[in-house]
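Written out below as C-alpha cells is the structure these notes cover.
Labels for the chains are A, B, C and D, by order of writing; each one numbers its residues from 1.
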C-alpha cells in the first residue's frame, strides 16, 4: 500500500509502498479514504525540536481520517466489513486508573497514531476495535475525516460549558475556527474570536463569530467588557498556546468565569495567579484529546443537527501525492484545514 | 388606579379603581405597561379548588409584567425613575437557609405577587428593589412582559442541561412552547414535542420542534427510540403535570438520562420507580420558579441573541378591559400566550 | 467443583459437584474463597414471583465474592495467577452508548452473575478480565467478599454527595447499615437511620448513626427538623424500597435537598410530586450497581483509610454447606450480613 | 471604645480610644469579644509594599471576630440584641452580577473590614445585618472568632471536593493547618501536608495529617506516588502562595486531578501549562473568601459534628493590649493561630 512516511530524522516525508499492517484478533483493518492534515503533522514534517524529541522514524504519519472497514479480527463484535468508520487516534491502555474510570482520554499510557505508532496517511490502517467509530450516513466524508480535531473543539466547548454564555476564543487556527460553530450550536449566546491573522479572523466571522478582534487592539479588553454588560466574558476557549493570549484571555473573563486550555504553549507561561485566577474565583480546565466516547456522541449530534458546517473551514482538498503542497499551504498560513484524498486514482 | 381584582370568593374578576400602593424605603413603584396572563390567573378566575384553598380575596391578580419605574424608596440604589423594568414575582424572605445560599427560588417563606400579595394587572405595583430587573433596550416590551414564564422555561432547560442533547418536551402549553426555542438556542441537538392538542403541536413545529407527536400515538415510544439511535432521549422537560405524560416521558429516556419536572400534577402520580428511575440511573429534578437571578441573566442572553423568538407564541394582545375575552380564549385553548396592555387608552 | 445451584423451578438450592467452567482468552478463572449472601439470593432461594420471572434454572447462584486467580486467558494483561481478587458482578456489553461513555453500570445489555449467568457460590468462577478487581493487601478477606453490596452503598453515598451534610437513611438492611460508616467516612456531618426493626436500629447506632428512629414514630418528621436547624435533612439515602419510607424520606428533606434511591419497590409508588419534589426543587437520583470502576476505587480508599469497619455488620460467617442455615437466618431477620466460606474443609 | 488602629503610613499599630461607630437602619452593632490575628494584619502591621498600596490610614484593623449584638438598626429582622454572633468580613455590593447570582464571595465591588473599612480589633464594630452569622451555642468562642479563616479552609476543601480522595496540602500556615481536620471531616481518605517549617509539620501531624513532608525532600514526588497507588494525588489544596510549591503540587496530582489555589503568590508564577495542567486534564480553581453563606453552613456543620478540633492550632490567646507580642510571635513563626481577647479587663 502507499504510505506517507517519516523515514529519516530530517525534514520532509516520503511517499512509498509498504506492506499492509497485520490484523490482531481485537483489531479492525480500515481502508483509508480521506485524512486531515494537522499542525502536529507539520511539526513532524518540519522536524522541529518537539518532533526531534518525540518521533522515532520510520513512522507512517497522519491521525485524522475516515475510511471503510476492510477486515475485522476474530474477537471483534459489532463492526462489519464494508462499514464507513472514523477512529479515535488515542490508543488507551485499558488498565490504568483513568481508563477504568471513564477518563481514557487522559490515560497515563496513551499511544497516539501517527506519532507513537503508524498512522493514517496510508492505504490502510489497523486500529483496536474499541477505537473505531461507525459513521452515521448523514455525516459527509470530509467532515468525518476531521472528527479528531473537531472532537478537540467539541471537548473544549463542552468542558467549558457555553449554554447561554458569552465566549471568547483566543486563536483561530483550524480547531479555533471549528470551535466557533460548535460553540454556537452548543448554545453560546455570543462568540468573540481573537487572533493576529486577518484572514483567519475573516473566516472566523464567516463561520459565525459575533465579533472578531486583532489581539494587538489596545481597546480589546474594553470592547469585550462593553459587549458583556461590563462584566467580562463568561468563558474562555484558549486555542493559541500563546502566553500573551492566555494572559489576555484570563483578564477578559468575569469573576467566576471558566477557561478551557487546549492550545499547547511551547514554553513556561508566567501568570499573575492572584489577579488572573485566585481573586476572580476562576475555574481553569486543561483539555486533552476527546472524551471516549462522550465527545464522539456529542460531535455526531452536532454535525447531524446541521448546525455545524465545516465547509468554509476545509479550505483545501488535495490528493495524497500533493502532500508537499499541503505542507507549504500550512506553513504559510494560507490554508485553514486541508483534507487529503488517500484513495488512489483509478 | 385601575386594578383587576378578585373581590369575592367566587368566579370572575372585577376591574375597579383602587389607591396606588404605598412605597417603602427599599421598594420601587412601577407603572405597569404590559402583563401576561398565566394559567394560574385562570385558576383564580375560575375559582377552582386550588384557588379556593390558596387565595384570600380581596386580591389584585397578575404576576407577569413590565413597566416603567415611577418612584424609588429612600434606600434603593442602582434603579432610577423612568427605567424600563420587569420583576421577579417570587418575593423571598432573605433570611432562610435557601435565601442565604443562593437558592432564593426555593425560599421556604416565599410570597408570590398576584397570589399571596397584590399583583400586576393594575396601573401600578410596588416591588422590593431586589426583585426588580432592569431591561436591556433590545428586549421588546411584549417579551419583557412574559419574562416570568419564559424564565420558568429557561430554568427548566438549564437545570436539565440540553447542550448537544436530544430533548423531549411533554406538554406544550405556553411554557412548553417557549421551551422549544429556548432549548434550541441553549444547544439542544433535537427537540421533540408531545401533546394532545393538534393546534399546540402545529405551533410547536412552527417555533422549532424537530418533530411533534400526539401523546396517544401508539408508536410514540418507538418513534423516539428510532430518532435517538435506539438509545432513547437524553432529556425530558415535563411541562404537562399529567401522570401519564410523566410515565411516558420517563419511559422514553435513555439510561442515565435527566428529567426536569415543571408541570404540577393535581394528584398523586403512581410511578414504577424501579423500571422508570432506579434501574435506568436517571436524575429527576424538581423545578420551581426561576433562579434569582441567574435565570434572568440567561433569559436576557438568550433573547438578546435573537435566537428565541416568542412572537408566534404570543397569540393575542388585548387591552386590560378585555380581560373576560382573554380568560375565555384561555379556557377554550384557542390562545397560547395572551399579553394584556395595561396602559389606559389616551 | 462444588456449586450451590438452582436446579429446578422450585424453592431451595442444591449443593452438588459440577465441572469447572471453561476459560476464554479474555477471561480469568478465580478460585472462590469467601462469598456474601444477598437479599437477591434469598429471593431466588424462596422462588418468589420476581425469581420465577427472572431466573432460568439450572443456575449457580451467588454474586458477591473474593478469591485467588487460578488461571488467566491468553489475551489477559495485568492480572497474574495467585493474585487476590474480587470482581464486579455486572457484566457489561462494552458496545452500547452507556458502556462507551463511562456509564457501564447502566449498560443496556448487562448480565449479572448468579442471576443471568453462573455465579460465585462455587469452587471456581470465570470472569471477564475487565471485571476483576485486584485487592489491596490491607483489605481483609471478609470485607473483600462483600465489596459488591458495599459498592452499592458507596455509589449511593457518593452520588448523593454527603460532605458536611445531614443524611437520612431509610431502611437499614445490610446495605443501609453499610451506608452509615460509609457516609460518615465520606464526610457526612450527621447520619440518621430509620427502620421498623429494633435490632437493625441498634446495630445502626453501633456502626455510627447519630440517632435512630422507628419509622412509625409520630414525631419523626419533627425530630429530623429539630436536629437539622429546622430546615430538614440535606440528603436522603433510600434503601428500603418501601413506598411509605420513600414518601416520608422525601418529606424530611429540605428545599433543594438530594435523594438517592437504591431500594427497589416491588410495586408502583404513588407520590405527591408537587409537594414532595417539584416545589421543593429536589434532585432525585436512581442508583443502580456500582460505577465501573470509580466506585471500586472509592470503596478501596474508604476501607483502607480504616474508617469503614464492616465487622459489626457481618453477623455470621458460615461454611458453604451450611447454606440452609444461612437462608433461614436471612429469612427471620436474625442476620445482617452473612459471609460463606467457600473453601472446602481440608 | 478601644481600637487597634493604623494611624500613620508606617510600621506598627496604636491602641487608642475612639468613638463607637454609628448604626445605620440595616446594620448591627456588635460588641467584640474575641478576634483572630491574620497574616493580612501582619502585612499591615509591618507596612510592607502590599500594605502601602492597599491601606489608607487611619484604619481600625482586624477582620476575624465574634461578639454579642449590642444594637440593631430599625430595618433589621431576625437578629436580636444579646445574641452571640460572628460575621462575614467581605461586604459585598448586592447589585453586581456575582451578588445577584449567589456568588457574592467574588463580588466585583467588595469591601473588606479591617482592610478597606474599619475592623474588629475594637470594642465595637458595625456590620450590615446580611453579614452577621448567629452562632450555634455548641461553637466555642475561640473557634467562632476564627470562622473567617476556617471558612477559607472549608471553602477550599469543598470547592476541590475531597470525599474518598487523597489530598495534598502545600503550606501549613494557620489556614493550611485548619484544612487538615476539615479535609478529614469532609471525607478525605488521606491527607499529606508539605511545608518547610518542621514545627508546623509537627503540628500538621498532630491535627490529623497521614504523613508530612519537607518541601525540599528530593523523594517527595516518589513518596506521594507511592502512597497513592502510583497514580498521584487526587486533590491539591495550595495554601502557600509559593511558586515552587504550586509547581510541585501540580506535579504530584494524578491525571484528572483537581487543584484549589488559595495561597496568594506575591509575583507572577511561571508554569509549564502543557505538562502540569493541559495534558493531565487538570481542573484548577481560584479560591477567594467564603461562599455566602454556604461555606458558613458547612463550617458550622463541621465544627458542631465535633470532628474539627481547632484547639491545637490556636497556639496563643492574648489580651488585646498584648498586640505587639502577638505580631512578634507571628513574625517569628512561633505561633500558628493567635486569638486576641478584646473584652476589657474588668
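Worth a mention:
As a convention for this text, contacts are C-beta pairs under 8 Å (C-beta built on N, C-alpha and C of every residue); 3 or more make two chains touch, one makes a residue touch a chain.
Being a predicted model, the structure only gives us computed values, none of them experimental.
When the partners of chain A are compared with those of chain B, the chains appearing in both lists are C, D.
The interface holding more C-beta pairs in contact, when A-C is weighed against C-D, is C-D.
Per-chain CA centroids place chain C at a distance of 41 Å from chain D.
Multi-chain contact residues, meaning those touching two or more other chains, occur in chain B at positions 97, 103, 297. Those residues of chain D that touch chain B in the complex are listed here as 25-26, 75, 77-78, 94-95, 97, 100-103, 130, 291-294, 296-297.
On chain D, the positions that touch chain A within their shared complex are 96-98, 103, 105-108, 229, 231, 246, 254-256, 261-262, 264-266, 268-274, 277-288.
Listed in rising order, the residues of chain D touching chain C in the complex are 154, 158, 161-166, 185-190, 297-298, 301-302, 304-305.
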